[in-house]
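Dropping the structures in below, format is structure tokens.
Shared between the two complexes below is chain A, which pairs with chain B and chain C, respectively.
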Partner chain A sequence: MDNEIYRLPRERLDSLIERLARDYRVVGPVKQGATWMWTDVRPGMPLALDYPTTMLPPRQFFAPMRETLFRYHRGDDGRFAFEEPAGERPFALLGVHGCDLTALRVLRAFHESSCRDRLVPGRLDRSFVMGLACWTPCLPESFCRDMGSLESESPASLYVWDIGGVLLVKVQTARGREIMRDVGALDAATPDELVALRKRLRTRPEAFPAQLQFAPEKLATSLKAAESDILWEATADRCLSCGRCNLVCPTCTCFDVGDQASLSGGDGTRTRSWTGCQVPGFSRVAGGHDFRPGRAQQLRYRIFRKGKYMPERYGMVGCTGCGRCATHCPTHISIREIFLQVGRAP
Partner chain B sequence: MPQVSMIPEACRILAVTPHNSRDIHFVVEAPKQGFTPEPGQFVMVSLPGIGEAPFSLAALPGEGTAEGTFEMLIRRIGRLTNLITQLKAGDVLYVRGPYGRRVEWDQFEESNLILLAGGLGLAPLRSFVRRALGRRDRFGRIDLLVGARSPDELLFRTDLLVWASRQDDVHVHLTVDAAREGWDGRIGVITSLLDGLAVDTAGTTAFLCGPPVMYRHCLRRLLAMGLYEHNLWLTLERRMKCGLGLCGNCQVDGHYLCSEGPLVSYREVRHLRDVV
Partner chain C sequence: MRPRVAFFSFGSCEGCQLQVLSVEDVLPELLSVVEVVNFREAMDDRGDDYDIAFVEGSLVKPDDVAELQQIRARAKILVAIGACACLGGVNAMRNRRPVTELAREVYDGRQDGVFAALPDASPLSSVVQVNYEIRGCPIDRIEFLEAVRSLIAGTVPYVPPFAVCVECTLRGTPCLLERGIPCLGSVARAGCNAVCPAYGAPCEACRGFHEVPNFEALGEAFFRHGMTRTLAAEKLQLFNNYREVREAWEQAVPSSSAT
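And then the complex of A and B:
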């Protein structure tokens, strides 16, 4: 399948969406106001294949911001009975960048190793992903090339290069080929088109200047030398503990569990919803003691989790270099700058 | 890896005994399937519409309490526990578990045991004491060190009296931080109970559970006495939300204490940050 690269004329995107809509809920990046958001798409809608990343990462489709674990209702005997929600329609995600593809692999590695979740891996299994190559950095804070995610093409069934004019699509799974066949897009790319693609790929790194000057594999050891509180205080002083970095991160997985009761109290739902290590009270226990009470400890924790604990436990660095956290931080705390500082240290 | 649902089971409360105005002792019907906890494991208890929280086990099924039941001591400290502590025998709690690492007790056999319980820490350690007394011939000397803020806050007094009467089996040492007239026992912090305790350092295992402030002082003291790091066992409290190693609230340096703990040896965690 490695060399199966086909042509997809731009106007055929609609047939692709139509075909996918038979089996999936199709979402893709659509410009809404000044930003791009993952939006349900229908044929005829303008799919933004040149979007500079979305604010919220695709994990929202695999681990929703709030999801029902079960419904409860009080029976005639006064006891509560429980019912898990029915499975939902699987997603097809169109136009996923390398950083977010990498993040989907991180999500899988996490959910299949230390823990016993079935919801997220189940959705990863059932979904359909079309990856999309980037030609320029999405954000000033992006450093995907340094983190090795720029070239990431897995786990996409189809992977698209927009070389102007026609789209070139690499088929990476049997399912991907089936979809391409159904939309009648199994014309091989022409030699000229492949030459054009190769040329763009060769010059692409120039658009992504190296920002870290060290391999991400070195992060774990570099961070080990940066444990002292005092190193983190200057940066953490700016932190407002708003938790935006956690919300926009494509690899954050932490959640809170809570009940939403009806006013009668007789029924309701228990849900899990996103939370994060930067939110005050995250590490607080009953009685009020907080094991990571300071912002320096909390910031260090976030950075260590991404750069050290995750690679050590799941075999993948937890930062894809997407640049979202720094972009959306109200005080511009940049994970790239922090990595740069710890990596530069002798 | 098994896939675990977060749906709880309705479990009937069989008995309710207040220990004081805020600490209430519950005997509860155990979940029907696979409820065979080891000391140090915990359950998630909820009231639908109110919420869910982790609680330690003050007695394990068939170990000082009837088969098919377990016990908890619940302190009235928040919204959920305010409501739970108003429940009566016959009412229902929603329980899932047990969760947490299963620490095998074979490794402690022939060892002397020191159990250090501060305040509510006696609740989980009670199941440790019962496990040890239930197999008394397999262990050396057993010392139970209990600290409380005041005599009024001493928990499990009946157990303490029973254990104190079994001096051949277990040595009970009590201390309180402060007392009014009428208390003729010791006043001082829990580490003071270690003074004058004759300890065979290589052959002694210690279990600690108490308020966060207790751990550092006790650890320093036990290490100074010569106990080995791998023989110091801590039960580490965190606010677990799922119990499955997933929600992240109990993380310490990437370790999920709800499944890799809460019972851990000091050697396993001494290099981690923000542990105690």
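And then the complex of A and C:
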């Protein structure tokens, strides 16, 4: 399917949304006040193809911020009955950047690992994703090119290049072709358009100056060397333990599980919700024991997980270079700068 | 047998009791699990035989101390509700100035009807042992019900250990600091679902602090966003000015220097 690149006139985006809305809940980046958020889009709404990244990552649609796992009810005989929530409408995500596509692969790898989750991979399977190529870095803190996610085109049924004028769409799955056929957009890109695309892709790296002086694969070893570095203490002095870095991260996967019971205790709901290693209370277990106390250790863990533990476990670097954590950190603790520092260390 | 529950009020606006009364929709269910024996805002009967005492307000008058001690002696479980009871709250703003001076200023020198005041307005924990706290100004009705449920079930009521920022982020609220608004959310305890920032109002830390507040970093966050560290100190005085609460941040965010 590699050569299946079609033309989608801009005004046909609307028909695409309309078509997808028949089978999916369609979401795309929409500006809300000062930030961009993934929001429901309807035909007639302009789809932003030039948005800088969203504040909250797309994982919210596959591993929701808060989701009901089941409801329980204690009957008169004292036995519990359980009920799972009805399946929700699958999502179609329009305009997912390379960094966030990469993150969806990390999300799947995590949820399909040793403790296999049923819900998240299921949602990933049922959803529809339209990827979108970037021409300029989203944020001053973006370093996607260094992390190898800028060029990521999967998982996506369709992948879009906005070359000005017409949109070029690569069909990457049978489902993608079906949708393109339904909106009547199966005209192959012209040779001129393909030449224009190739040219843009060739010059694109110039817009993304290299930020790291080493390949992301080297991170694991660099981090190992930085194991006892005072770097962690010094950086943690600026950390508020506010947890924003975890929550805005597209590859953070941690969650908390809890029950919300009725007053009499017989009925209730078990939910899971987002949390993360920088959130106070995260590493406290039964009996009150905290297995990773201290800000420096917690910060170190977050960086190690992205740069070392995830590559070791899933064969994928856990940081996509999207720049969200540094951008949204109140004291601007930058994972890019930390990587740079540990990479420089002898 | 349903546990007997009583409500008491010290120096406060009684807004927390009103929050308790706002649970109309679940009142029948609530009354099927507890028996209310004392609740001035809602009923005339007074009972002195209770298991759980919910107490709002801070201690402001000399009589308050003995009264609270008596409640403590009678109750098996004493729960402080609201910022005044848990932290000293806004009442403690007065603590840095002598009572006589304040009385002169506020009441224009007239003494009639001005009651005797303790030198410091203080949280309940300054005098008696408090078993649990429901924080906030005012408390949140859902959180109150959840605490009641936990107490009946014999478990510890849940108090979020993390910052308001967690709730802000999950609501998708862009950080107020980025707009130069002096928000205390990053040191403040969550549980309110970050309602103030969601409407553009900075967090005032009415629930006190989360488990590991970093006040130096708060000062830095203010500074980075074009505000002074002194402003952070001024903001902190609104709800967190009681001596022992103040000790947590006083060194880190100086209130007099110009940085």
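FYI, the second predicted complex is superposed on the first by the 336 of 346 C-alpha atoms of A that agree within 3 Å, B and C clash if a C-alpha of one lies under 4 Å from a C-alpha of the other, contacts with A are read in each partner's own complex, and residues count from 1 in each chain.
Going forward, a contact is a pair of C-beta atoms (placed from the backbone, for glycine too) under 8 Å apart; a residue touches a chain by one contact, two chains touch by 3 or more.
Computed from a prediction, not measured in an experiment: that's the story for all the values here.
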| item | value |
| --- | --- |
| Partner chain(s) touched by A:Ala261 [first = chain B, second = chain C, both, neither] | both |
| Touched partner set for A:Thr253, first chain B, second chain C, both or neither | first |
| Partner contacting more residues of chain A (chain B vs chain C) | B |
| Partner chain in contact with A:Met310 - chain B first, chain C second, else both or neither | first |
| Partner chain(s) touched by A:His332 [first = chain B, second = chain C, both, neither] | second |
| First, second, both or neither for A:Glu88, with chain B first and chain C second | neither |
| First (chain B), second (chain C), both or neither touched by A:Gly243 | second |
| First (chain B), second (chain C), both or neither touched by A:Gly287 | first |
| Residues of chain A that lie at the interface with chain B and also at the interface with chain C | 258, 261, 265, 275, 284 |
| Chain A residues within the chain B interface of the complex | 69-70, 72, 78-80, 82, 84, 111-112, 114-118, 227, 253-259, 261, 265, 268, 270, 272, 275, 277, 282-287, 289, 291-292, 297, 300-301, 304-305, 308-310, 312-313 |
| Residues of chain B that touch chain A when the two form their complex | 1-8, 10, 46, 48-53, 75, 77-78, 81, 92, 94, 211-212, 237-239, 241-242, 244-249, 251-254, 256, 259, 273-275 |
| In the complex with chain A, residue positions of chain C that touch it | 26, 29-30, 32-33, 145-146, 148-149, 152-153, 158, 160-163, 165-166, 169-170, 172, 174-175, 177-179, 185-187, 210-214, 216-218, 220-221, 224-225 |
| Complex interface listing, chain A residues touching chain C | 32-35, 37, 55-56, 65-66, 237-244, 247-248, 258, 260-265, 273-275, 279-281, 284, 295, 328, 330-332 |
